[in-house]
Structure formats: structure tokens, C-alpha cells
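Report on the following structure.
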Amino acid sequence: MILDAVLLCTAALIFVAILAAAVGHRAPLTAPVYAASAAISAVALGFGVCTLVTGSTGALRLPIGLPWLGANFRIDALAAFFLVVVNLGGVAASVFALGYGRHEDHPRRVLPFFPAFLAGMNLVVLADDAFSFLFCWEFMSLTSWALVVSHDREPANLRAGYIYLLMAGFGTLVLLLAFGILAGPQGAYDFLSMRSQHIDPAMAALVLVLALIGAGSKAGIVPLHVWLPLAHPAAPSHVSALMSGVMTKVAVYAFVRIAFDLVGPVDWRLSMVVIAVGGVTAVLGVLYALMEHDLKRLLAYHTVENIGIIFVGLGLALAFRADGLAAAAALAATAALFHVFNHSLFKSLLFFGSGAVLSATGERDMEKLGGLIHRMPKTAILFLIGAAAISALPPLNGFASEWLTFQAVFLSPQFPQWGLRFLSPATGALLALAAALAAACFVKAFGVTFLGRARSDAAAKANETDGASLTAMTLLAGLCVVAGLFPGLFTAALAPVAQQLTAAQMPTTAPWMPLVPTATSANSYGGVFLLLLLLLAGALIALALRLFANAATRRGPAWDCGYPDPSPATQYTAESFAQPIRRVFGTIAFAAREDVFMPGPGDLSAARIHVRLIDHVWEGLFAPIALAVNRIADAMNPLQFLTIRRYLMLVFLSLVILLTVLALWL
Amino acid sequence: MAVSEAILAQVMQAALLPALAPLLTGIVRKIKARLQLRRGPSIFQPYRELARLLRKESVLANNASWLFETAPLAVLAFTWVAACLVPVFGPELALGSAGDLIALTGLLASARFVLTLAGLDVGTSFGGIGSSREVMIAAVAEPAMLMLIFALALIAGSTHLSAIAAFVESPALGLRISLGLGFVGLIMVAIAENGRIPVDNPATHLELTMVHEAMVLEYSGRHLALIELASSLNLLLYVSLIAVVFLPFSANLAIDGAPPFAVVFALYLAKVFGLAVLLAFFEVSIAKMRVFRVPQFLGAALMLTLLAVLLRLVSRSL
Amino acid sequence: MTLPLDPAQATVLIPAGTAALLLIVPFYRLGAAINVFAALLTLAAALALFVVRPATGGLLGVDDLNIVFVVINTLVGFTTSIFSAGYIAHEIEIGRLTTASLRFYHAMYQFLMAAMNLALLTNITGLMWVSVEFATLTTVLMVSLYRTREALEAAWKYFILGSVGIALALFGTILVYMAAQPVVGEGLPAMTWSVLVAHAAKFDPALLNIAFVFLMLGYGTKAGLVPLHAWLPDAHAEGPTPISAVLSGLLLNVAIYAILRFKILLAANAGAFAPGPLLMTMGLLSVLFAGFMLYRRRDIKRFFAYSSIEHMGIIAFAFGLGGPLANFAGLLHMAMHSLTKSGIFFSVGHMTRIKGSQRIADITGLTSSHPLLGWIFVASVAAIAGLPPFGVFTSEFLVVSSAFAHRPLLAVVLVVGLLVSLGALVLRVNSLAFGEPTGSVEPSRMTHLPMLLHLAIVLGAGIFLPAAIAGWFQHVAQMLG
Amino acid sequence: MSSLNFDTSHLLAGGLVLMSFVMLYQDRLPSLINTFALQSAILALAVAWQALVQHAPHLLVTAVIAAALKAVVIPLVLRYLVRSLGIHRTIETVAGIGPTMLAGMMLVALSMGLMLRATATSDIFAREDIAFALSVVLLGLLVMVTRRNAVGQVIGFMSLENGLVLAGTGAHGMPMVVEISVAFSILIAFIVIGIFLFRIRERFDTVDVAALDRFRGDRQ
């Protein structure tokens, strides 16, 4: 019943897409299309929520796709949860685009693909057989690719789209191999029979690795993340929000579906791989982000970090499950999924903010921004909430989910295996490092963009963004706060999912009561308590000031140790803000080198500093592949230009060889 | 302990810590002065300074935003709430369930987040220096702190300060090498987080060396007062954290059941004083290090705490 | 119902008769019209095969294998005739062709149709060989239509290699006869599919093996499998675009179809060796080779010709892999590829005539300058690259997944090949369809209907595959073993 | 009787193979053309003999075609071409005559070894004929790939086709041999016309990379 309704919603989305493509050239459809997408996504969101609450499941087999297989769709707790994530992002993005989309100069390149993209993500979550799954998966990639290359006049975007589509194809083929193993020689492609059949551990391990690679390449785990910071910023900002905040989560869904649902029990050693990959991804992702000064690319890189955190949680869940520690597994899984939800909230929020800045100033480069807190106060405060949330600061939601992840890490002494015992705390340290660096990263992002003095006329003349965009951002910011104050509400909603994945669930408390990781643990975290305390403290302090302090305030020039300089150029830039961290971590991570040119005495030329970073992943992995392909292509090319006699020689030789083989073989 | 007493303890602590914080600063300064063969100001000098600042009018830069104005209040609030989570007077606290050590670290991180933003707000070069160096130091300090928490959690089986305090007071605790390592690590982190020598010098305004002071350079009047109070409260917080976790002697003088409150309080003051002396000795006997050697300093702390964790794991699994 | 001649015969005779007629029609417009009309009639006759399936036996025989390909053949023949009408008119305008050569062209077109339909429909191995040979001759003539040095060069290369291939195929055919003759006796029965398949089990396996080697190389040359592919790219690049569409879309299919026919014989004979490894080797060779060759192509038609080689490789690999799934996938891939690739050649024809150049570098930003054409092109390339929601995705999905279940290593090689060619395709689409438009931006006056039709069918097949067609394919897949 | 039949067909088929070897040996065009004419004549005889033995009168048509077209007409035309197009008389061979002959020997051995074992079951005539035919086909191919000269290659192809006709007639009661040989004759006619039409002088593999730069449009 609900399933049919959701499928109808996706059908409606596709219809909207077709409509936009068909009549787009006659009328400007921006408002209708986005309004329709928002409405439909809202409906689907509602259905997802009530499925999650009622815990009802449904399956459906449409007579399309492969005749003997059909298109199977199924909605269960897991699917419902991701349905919520997808459609929440869909609603927000559509509402935001109601305002933002008006700045689009080629709406016809965006409008048809946006609803189709939404539909694709919905269908991936619902698909219940390998064929429909990959079909929708690749459809999702294709539509998002079209959105990435929507501003096709910039060659950079085309390059981004190129790399993106290649990586997407790679991921799909890898997943295809995984499903090939799961389906077995008889080609039992529907998930039901995949669950029922038991493949031997070695094959299961292979499937898990393939799933990690295939889904991870779309989620952006290091070292398969290279496309992500290129493609996400290239798209229009509301699409960037969807790709970064939602599509990566669909990839996480793919991994969860295969690793927890389809392969069955997996060896604990593999979970170590997942955990390690997650930890490394988290730290490298945030380091990349810190080195960026393009706002949207910074956000995209930062997605990599959060994906790392999520994968650490999932890996821990796998490990606990493999060792039969159900409660701990439930905690880890809930933490990961809760972080999935949270990240989809604040990452979309932040991309919306960057979009608002982009449409107000036409700038993505932070070095040309600054002082926007005065010009765009509302956007600033909303962006600040998002930044604080993503930096895992209490009492916001980012902290809640990271707190849960840490609690899961603290349960690692229960592991019987040495490897896991040592790996988990180390990963915990990596997560802490990532969290601290994330805070640094967003101090930089917010501070350089919104604080200080304007670094360009565009920034100085920026105007507050439109109402629709603000509405969308306010919605997400509000949710960030609510999820931070009442995490119990959401962990309770995630209980059925955890039940489905790990056959256990976190202890559920009343939403306003503190969060308790496991039934046996004495630990607790009550976001709302903290907020009340903070408000109380703030009120008391304010009162004290009112009573005892001199309230007079005078405005004057900045003191700056007595040497104030009017030029905005003397402010700290994004580069220089990251310089200490670059000095500390960059030398290892990026072989960072600073060449300083200091003019000699009496020389009036300007001093220069040139910073060089090397992306080891690109240089070490992808550049060689590209080089190899080109080499081989060059080496083969002459075969196009042989003489007819030589071609005949080929035919003749193959004939003789085959006959000889036969003669010897007979 | 009954709930009522827990609430009482909580309120007392909430009121006492901010009141005592400037005193600790004063004491440390005094001892340092004496060790440097100066007479030094009275130990109540910090109170006078706060009063003076509160009396003065506050000067804001022309382009300072609302964030710059509200930051001091937020910083103090975050620090204060964090301080309330440390059970200085016996393990039971009414607000204990609101947050654990991780929450405490998070609250302090929030305070730092706001302060570093404030440093960037006016758009002066000094604020930038301060903020960027501060986040760099924090980036190394926080993992160390978390590893420490992890070690404690492994020993006490909980990340909860009340539980940890209760456990370390209980006779069940034998001598633990991990605890020793954690102790050193926590001290190093505390030094870094409070901007003490050798990481930072709270008493200097020399451009190249200052970190914390550079961030708050633009503040004056009541705003500066709040920030000063917050930083001294931060110092007291760490000191009492060390006192609670690593100097658990209150249990021994339990006459019948729970020790009388006065005794506990006196004992607490004694611990704090002792640690203040220790800190003063340390600060006068060591020179400030270059900013880019700080990561190595804190890296050592991280290594110590990580080692503590691993040893803990070993000893548990043996 | 009693027709004067049953649909099968009609499918062959209508184009044959039209060819004769067209030779004497002087006006090229009328010729084009007749061409389209005849193609439509043929299509109707082919569709009639669904309704009245004539009894197998005699010279022609209709079964599940060829019925689908006859329909596709006539369909693409029809759409191509529409496309070629507009295309040729333009060639006349710019004076690349004379009316005399056009008369010849149209006649040859119908003659080619007749030959291919006969090759698909005939029940006699010898007759199939004859028709394939005539198809070769006609296409040679059409490739050399422009009389440019390149065209002659390409035609000659095609001619020589094709003739050798034909010769080898004939030798194989004779060997099959010799294998059959002791069992089913002398004369026509020993050359009749229905009889051969029935008695294949008792044939001399050794002879069958040698025969298959010759047939594989002979018809494989026509199918453009590496290393027998040499003629294919140039023939595609230098001939008129409609002929490129027919070559890629239909003639390659006919060649593969011939190989399949004989593979069925081998499958039915227990003693004969499994042709799988041979097919798979040549298939993978083709995929990898074509994939890498794509990167250095500068001529857009040659580019897509290499992509055809790649897809022939995929098809050969699928059939070599065997098993119901892979065979099904192979058949589906044949159908999808011929529709998609001919559609792509239509759009390429539009571009080349708009921009007046076949060089990829001269064509950019189509989606900006010609949105409809550009997006059709993008969609078609997405389809040929095996991306959903198009039918090629279905077949590639089945091929790769079933391959990985049986032969993981080969599947990995195949995946690498697919990725390599995907890279090349996307690279070219980027430069062709996006970016700043250059060159002439005059709207294309030719109709977009054929492309849209093909795209629609491929899309439909990707989303919903009619049970009847699937049933036939599955039945054939069983026969292919 | 049967032994006579067998010996004769054996003799003729062997003659064809011999002629192929002679072709491999030739290094001048006119003599190559003559050899081909001779081979075609022998083929005509062999086909006629088969017609007699198999009581298949329609094979005579094939024999006549072979005799008329390939033994007489085409050689004349080729001579005319060589003269009118002023084609060099000497043939460039890729490898020397010796190695080529050696390769030919191997090919013959291969085809014999293959066929005689493969066709162990079928009747004796077919075995002989098919084995010889295969060697003729392979030798024809060998001529094609070892001669750099267009006419030489064409002749190689035609002798290959002779082998095919031999195989076709050797296969007892094979239908459509006539049709096939007619179709093939058309093909050959095309090739010969092609040489004339396409003005192919010395060789049709002058395709060198430099030339491609000019007109293949695929290198610049």
C-alpha cells in the first residue's frame, strides 16, 4: 500500500521531468517544477516516516524489466529510513531552488534532470533485485551527471563530469560483479533468494570488498573520492546539496544493504578493513578540505570526512555483529545511521548557504569574500548553525551522533580479537583528530567568508538572499537543533532499522531524557539539559553584567596593537589561516612545500610565498592509469594504418594457427 | 548520597567555581613571582582587575559584528557549564546525566570555536594569527584528551566523570601504569588548553609568541572581563579535573559513610593549591617553546595517552 | 488465409523487385520515394510474419531465431531509407553525387535489403552464403560511391578482405555438407537447416570442428571481429552515412547470425569441440582492442565504427560464454546494438552535414546549437555505452554478471574493456555535445523521426521487454546451448 | 573401375596442388598468369571427371565456366592489363622463394594431416579431394600474403577459389555448386574489373602512414 504510493510519487517525479523536458522550451517552468518536486517529495517523506514509525513492510513486483524477474520493489525499515533521508533532502533542495533556481541562466539544462534525479534516488532505495537496483543506481548517476555538466561552458565542469561518469561506471560494474557472485550461476537476481542462499566465506569476503569499492566509490571513500570534490561543486548549488548530502547516503545504503542484509555473516577481519578505511578517509578528507579555499569544494571534501565517520560506525557494527555482541552492534549501527541523517541535514544546509553566497556575490573563492555577516545576516546565522553542527559541537546534532560513535568505540574492549582491540582506539584517535580539524575547517570557512572585512566589491555589495532559500535553510537548521536536543527521538525511530541490521536495538528513552548508549552503560548525554544549562548560565551572566558592569559601549577603529591597517588585504586569508595546520600535517599528507621569496635589502619588489601541494592519491593512482591508457592507445594506433597485405596476413595466420591447434588437438 | 544533597553539591559547585577561579590565577601568579624573587601582586589582584574592567566602558571596532559582542558571554557560559560537570565535591552530581567527559570536551571545544571566530571577526592580522594557531593547537590537543578519556573509560568502565571519580575512590583500584601515563598526558593537555608556558605565555603581548592573547586583543571593558574570567575558570576546571581523577584521597577519611562536606571542600582546596604550586614551579623552570614545536609537545601527550590505552588493553586481556 | 506469396517470400522478393525497378527510374526524388515505400512494404511483410508464420521447409524457413532479426532488419531498413532520402537530397545539392549514381544507389540499397533478408530467412546454407556474398558486393559498390581516393581505398580493402572471408566461409559450408552427407544422404537436405539441426548429433565431429573454424573466420571477417576487422572502420568512414548505418546495424548482425546458425549445429553434436573459447577469445580481443583504438580516432564515423567492433566483441563473448542467460543477453545485445548504432549514425549524418566535416574536432556544443539533435545524440551514446534506462544496459548487465558467476577472470577483463571504451565515449560526447558551439549553427532540415523512433524502441526495451520476444530469445538461447 | 576413377581424380587434384606450388615458385607475372591458366584447365578437367563419375551433368557447367572464364578469358584480360597499365613484369615477394616453398610444404602437410584424419569416415573420393582442396586454398592464401604485387595477389585469390570449386565438386551430390561457382565468377570478374576501375597499378597496399596523414583524416 505505502510502497505503491511511494512508487507513484517517483512516477510523478519522472512525469514532471518528462514534462519539463517536453515543454521546457515554450515556458519558463522553474517555479512549477520545483514546487511540484517539493510537494511530491514531501508526500514521499510522509510515507517514509509513517513506515518507519509503524514498522510496516511491503513488497511489490512490477511486470517490467527482465521478463522472468520483473522489477521487484520492497520497503522495510532500512529502506524507509533512507527514504526519509532522500526525500527530506529533496524537499529542502526543491524549496531552496524555488528561489535559487531563478538565478539559473540555462534552466532547461537543469529542470528536466532534477526531478529525475530525485526519482532515481528514491528507486534505488526501494529496489529489491539486483537488476532494478543497478538500473536505478546508474540512472541516478546519469541524471546527476547531466546536472554536473549543466553549466557546460566551463571546461572544468566537463572534466568533472567526465571523471564523475567514469567513476560511476566503475562503481556500477564493481557492484555488478558483487551481485554476480551473490546471484550465483543460475542468476537468482532478486534479493530474497540472495538472502536465502549461503555462499562460502571466501566469496562472501570478496562480495563485501567489492561492495566497499563499488558503493564506496560513489560515497567517496579515500582513495576513490577524487571525482567528488570536482563533481559536487560543478553542479548548481541545490544539486550539489543533493549530491553531497543525499546521494552519498544512497551509496551508504547500498553498502549497508549488501554488507548487513545480503551477504549474511562476514568475517571480523573484513570489518577491520572497513574501520581502517573509514578512519583514514575521515582524516584525509578533512585535511583536503582545510587546504581548499573554494567554498563549495571545501564542503565537498568535507563530505569525504563524514563518510569516513559513517563507515567507521558501520565497520564497528559489522565487527560487533561478527562477534555476536548484538547490543554493541546496534549502538554502532544506530550511531552510523544517525550520522547519515545528521550529515544529510547540515551538509545540505551548508551547500545552500554557499549557494546563497554564490548567487549574492558570484564568488565561490573565499579569498574574495568576507564581511558577509553584515550584508547577509540571516544566511550568516543559518550557516553558522550548520558549521557548528558539522564541527560536532554540543548541543547540536553532529555532536550527538559523534558521541554515539565514540561510545561504540569505547565498547571495543569487548572484542575477543586483538586486532580489533588495538584498531578501535586508534580509529577513535583518528576520529577525534578529524573532529578537531573539522572545527578548524569551519572556523576558517565561516570566519573567512562571513567575518572580517569584505575582500572584493562583490562581497561588499552583496544582498541578503531570497525568502524561499532562507525558508529551506531555516527548515534544515531547525532540524539540526531539534536532532541535537532530542537525539533520543531519532535513535528511537532508528530502533527498527538497528533491529533489522543487528537483531538488537539501543535502549529507548523518552525523547527529552538523556541518551543512553547501551542498557548496561552508565554513560548518558542529554542535549536539552545542556542547552537549558547554557541558557541559564547565559542569563545569569547577562544579569550580572546588567547589575555590576558599565553598559557603555564606544565604537572606534580596530586597535590591532596600535597599527590598524585599513586595507582588507592585511586580514588573514583562508590560505594563511590554514598555514599552521599545513605546516603540521601537510608535509606528510600532501608533501606540502612553501617557497618563500624575500627581496634583499633595498629591493622594492614584493615578497612572494608559493605553496605547493601534491595530491598523492591522484598522482599515485589515477594519473598512472590515465597515462597507461594513453600509452596503450598510442601503441595500438598504428594497427589502423597497416597495408591490406598485412591485414590478410593476420587472417591467414589466425587460420593457420587455428587449424594447427585442431590438428594437434584432434 | 541523596538527591537533595546532589542538587546542593551541584549548586554549590556552580557558584563556587567561578568565584574561586580568579583566586587560583592570583595564587599561581604570586607563587611564580616569589619563585622569581619578586614580591608580586596580591593573590586577590585578579578580582581587582575584573572589577576595573567591569567599571570601564567597552570599545568595539567599527566593523565588529554581533558575534564579536556576544562571543565573551557564550565563551563564559560554555566554560561554566563544562565546569559544572566536574564533580569536585564527591562523585554524585545532579547534572551528571547531562553529559560525560566527551560532552565536557565538546563544551570546551564550543567555547574555543566561538572565541576563534571572534578573533577573526574584526579582520585584524593579530586576531588571525591567534585563531589559526589556536585551532592548530586544539587539533592536536583534542585527540590526546580523547585518548585520555578512553584510558579512563577503560579503567572505570565508563566515560562518566561521576562514575570515574567513584571508581578511582573505591579501593578496588590498584596501582595502574595507565593512570600514571594518563596523568602526565592530562597535565600536558591542560597546559596547552590554558595557554600556559611552555605552549603560550599569558603574560605577554609580544606579537610572535602570543596565541590566546592575540585572539582577544580587540576586547576591552566588560567583554574582556568575561573572557578573563572564562580563562581562569578554564584553568580551575582542568586543575580540579586532575584533582578529581588523579588525587582521590577523600575516600580515606570517610568516618562513617560519606565524609562531611567541609572536610571534602578543604581537601579539594588543598589539592588545588598543591597543583597551583606545581604549575608555578613548572612554569618558572621551563622556557616558552616555538609555536611549531607545540605539535610535537602535544604529540608526545597523544603518544602517552595512546600508550596508556594500549597498556590498559594488555593488562585487561592478561 | 491464402496470400499469393507468403510473408517470408514477400520479405525477400519485394526489395528484389524494387531494385530492378529502381534501376530504370530516372528521377532521384521519385527513386527515394519508391525506396521508402518499398522498405515500408517489406517491413509490413516482415511484421506479417508474427501473424502468419509460413511452414518451415523449401528455400525459406522462419523460426524464433531469425524472425526477430528479419523484423529489425526491415525496420532499420525502413528508417534508414527515410533518413537516406533527406541525406541524399543534400548530397545532390552540394554536388557530391550525380543523379545517375543515385539511381544506382537506390537500386543497390534495395538489392542489399533483399540479400540480407534472404540470408536471414533462407533455410539453405548454400543460399545463405550466396546472399551474404551478394550483400558484400553491393556494400562494396556503395562504399565506393563517392569515388574519392579514400572511398576507393576503403572499398578495395573491404572488397579483398571480404572476398577472402567469403571464400573461407564457402569452404566451411562445403565441409558442413560433407559432414552431413553420409548421414542425411546427398542433395539439398544436407544443406537444409531444419534437417541439419535434426541430425547434427550423428555428424562427424572432426569435420564439424574444421568447418566451424572456417565459418568462424569467414563470417567473422564480415562481423568485424579482431583480428579480421581491418575493413570495417574505413568502410564505415568513407561510405555514405546511411550505408554506415546499414553496415553497423544490419550486415554485422547477419554475419553473427550466420555464425550462430552453425554454432547451433555444433551445440547439437556431442562430439564436436565447444566453440566457446574461440568466440570468447576473439570477443575479448575485439572489446579491448576497439576500446583502446577509440581514443585516437579523429573521424567521428570511424570512431563509432570501432565502437561497433567493440559491441560485436561483447556479443561474441556472450555467445562464447554460453548458458541460457549469456545467450539471451547476446541476442538482446545484437538487437539493441543494431537499433542504437544505426540511430547514432543517423545523428552523425545530421552533424556532418550541418558542420560540413566528419572531424570530431570540428563539431562542438551541439546541445547548445541544436538542442534536439544534441540531446538525442547524448542519449544514444549513453545507450550504446550501456547506461540505463536503455536496453543495452540490460544485456550488458546479464553478460557481465553471468560471466562473473562462471569465469571471474574473463569477466574482469571484459569490465576493463567496457570501462576503457566508456572513457573514450564520454570524452567524445563532452567535446561533441557540450561546450561552446563552433562552425555552422543552421538548423538541421532533415527529419529527426528515425532517430527518435530507434531511441524510443531501445528505451522501451530497456524498461519493458515484451514476453513474446523474450520467449523466442529464451528458446533460441536453449538451442544455442 | 573405381580404382581408375580414383586414380584419375587423385591425379588431377594432385595436379592442382602441384600447380599451386609452381605459382609459389614464379617470380614473373606472365609466367604466373600462365600457371594460373594451366591450373584452371586442370580444374576444368577434374570437375568434368567428377561430373562423369558422379553422373552429375550439371557439374559440366561448372567445368565449362572454369575452362572458359578462368583458363582463357581472365588470363587474356590480365595480360592486357599488365600491358596497358604498364605493370612491372617482376613480382616482389615478401620472403624469398625458398622459405615460401617451405611454408607451402608445411601447409600441405597440415591440411593432409588434418583432413585425412578428419574425414576418415567419409568416402575415399571426398577425402582425397577435400584434402587437396584445402591445400590449394591455403597455398592460394600463401600466394596472396607473400606477393606484394596486385595482379599476383588476385591470381592467388583465384587459385584459392579453384580449390574451393574442387572441394565443392568433390563433395558428392552437393547442390548449388553451379550457382556458387557462378557467384564466385562474378566476384572474380569484379576483382579484375576493380583493378582496372580503381586504377590500381603496382600494388594495392601502398597505404603507408605518410599517405594517411594526407587523406585518412584520422591523424592530423
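Order as written gives the chain letters A, B, C and D; numbering starts at 1 within each chain.
The rule is short, and it goes like this: a contact is a pair of C-beta atoms (placed from the backbone, for glycine too) under 8 Å apart; a residue touches a chain by one contact, two chains touch by 3 or more.
These numbers were taken from a predicted model, which means no experiment stands behind them.
Look at the CA centroids: the one farthest from the centroid of chain A belongs to D.
Of all chain pairs, the one linked by the most C-beta contacts is A-B. Distance from the chain B centre to the chain D centre is 100 Å, each centre being the mean of its Cα atoms.
As a whole-number value, the distance joining the C-alpha centres of chain B and chain C reads 78 Å. Rounded to whole angstrom units, the spacing between the C-alpha centres of chain A and chain D is 69. Spacing of chain A relative to chain B, judged by their CA centroids, is 35 angstrom. Each of residues 640, 642, 644, 648, 651, 655, 659, 662, 666 in chain A touches at least two other chains. Residue positions of chain D touching 2 or more other chains: 114, 117-118, 141, 144, 153, 204, 207, 216, 218-219. Shown for chain B are the residues in touch with two or more other chains, of which there are none. Each chain pair that touches appears in this list: A-B, A-C, A-D, C-D. On the chain B side of its complex with chain A, the touching residues are 54-67, 73-74, 76-78, 80-81, 84, 95, 97-100, 102-103, 106-107, 109-110, 112-113, 116-117, 120-129, 131-133, 135-136, 138-143, 145-147, 150, 153-154, 157-160, 163, 205, 207, 217-218, 221-222, 225-226, 291-292, 295, 302, 306, 309-310, 313, 316-317. Across the complex, chain D meets chain C through its residues 114-115, 117-123, 126, 130, 133-134, 137, 141, 144, 153, 157, 160-161, 163-164, 167-168, 171-176, 179-180, 183-184, 186-187, 190-191, 194, 198, 200, 204, 207, 215-220.
Interface residues of chain C facing chain D in the complex, by the touch rule stated above, are 124, 126-127, 129-130, 133-134, 137, 140, 144, 149-150, 152-153, 155-157, 159-160, 163-164, 166-168, 170-171, 174-175, 177-179, 181-182, 186-188, 190-191, 204, 206-207, 209-210, 237, 296-299, 302, 358-359. Interface residues of chain D facing chain A in the complex, by the touch rule stated above, are 94, 107, 110-111, 113-114, 117-118, 138, 141-142, 144-145, 148, 153, 203-209, 212, 216, 218-219. Interface residues of chain A facing chain D in the complex, by the touch rule stated above, are 638, 640-646, 648-649, 651-652, 655-656, 659-660, 662-663, 666.
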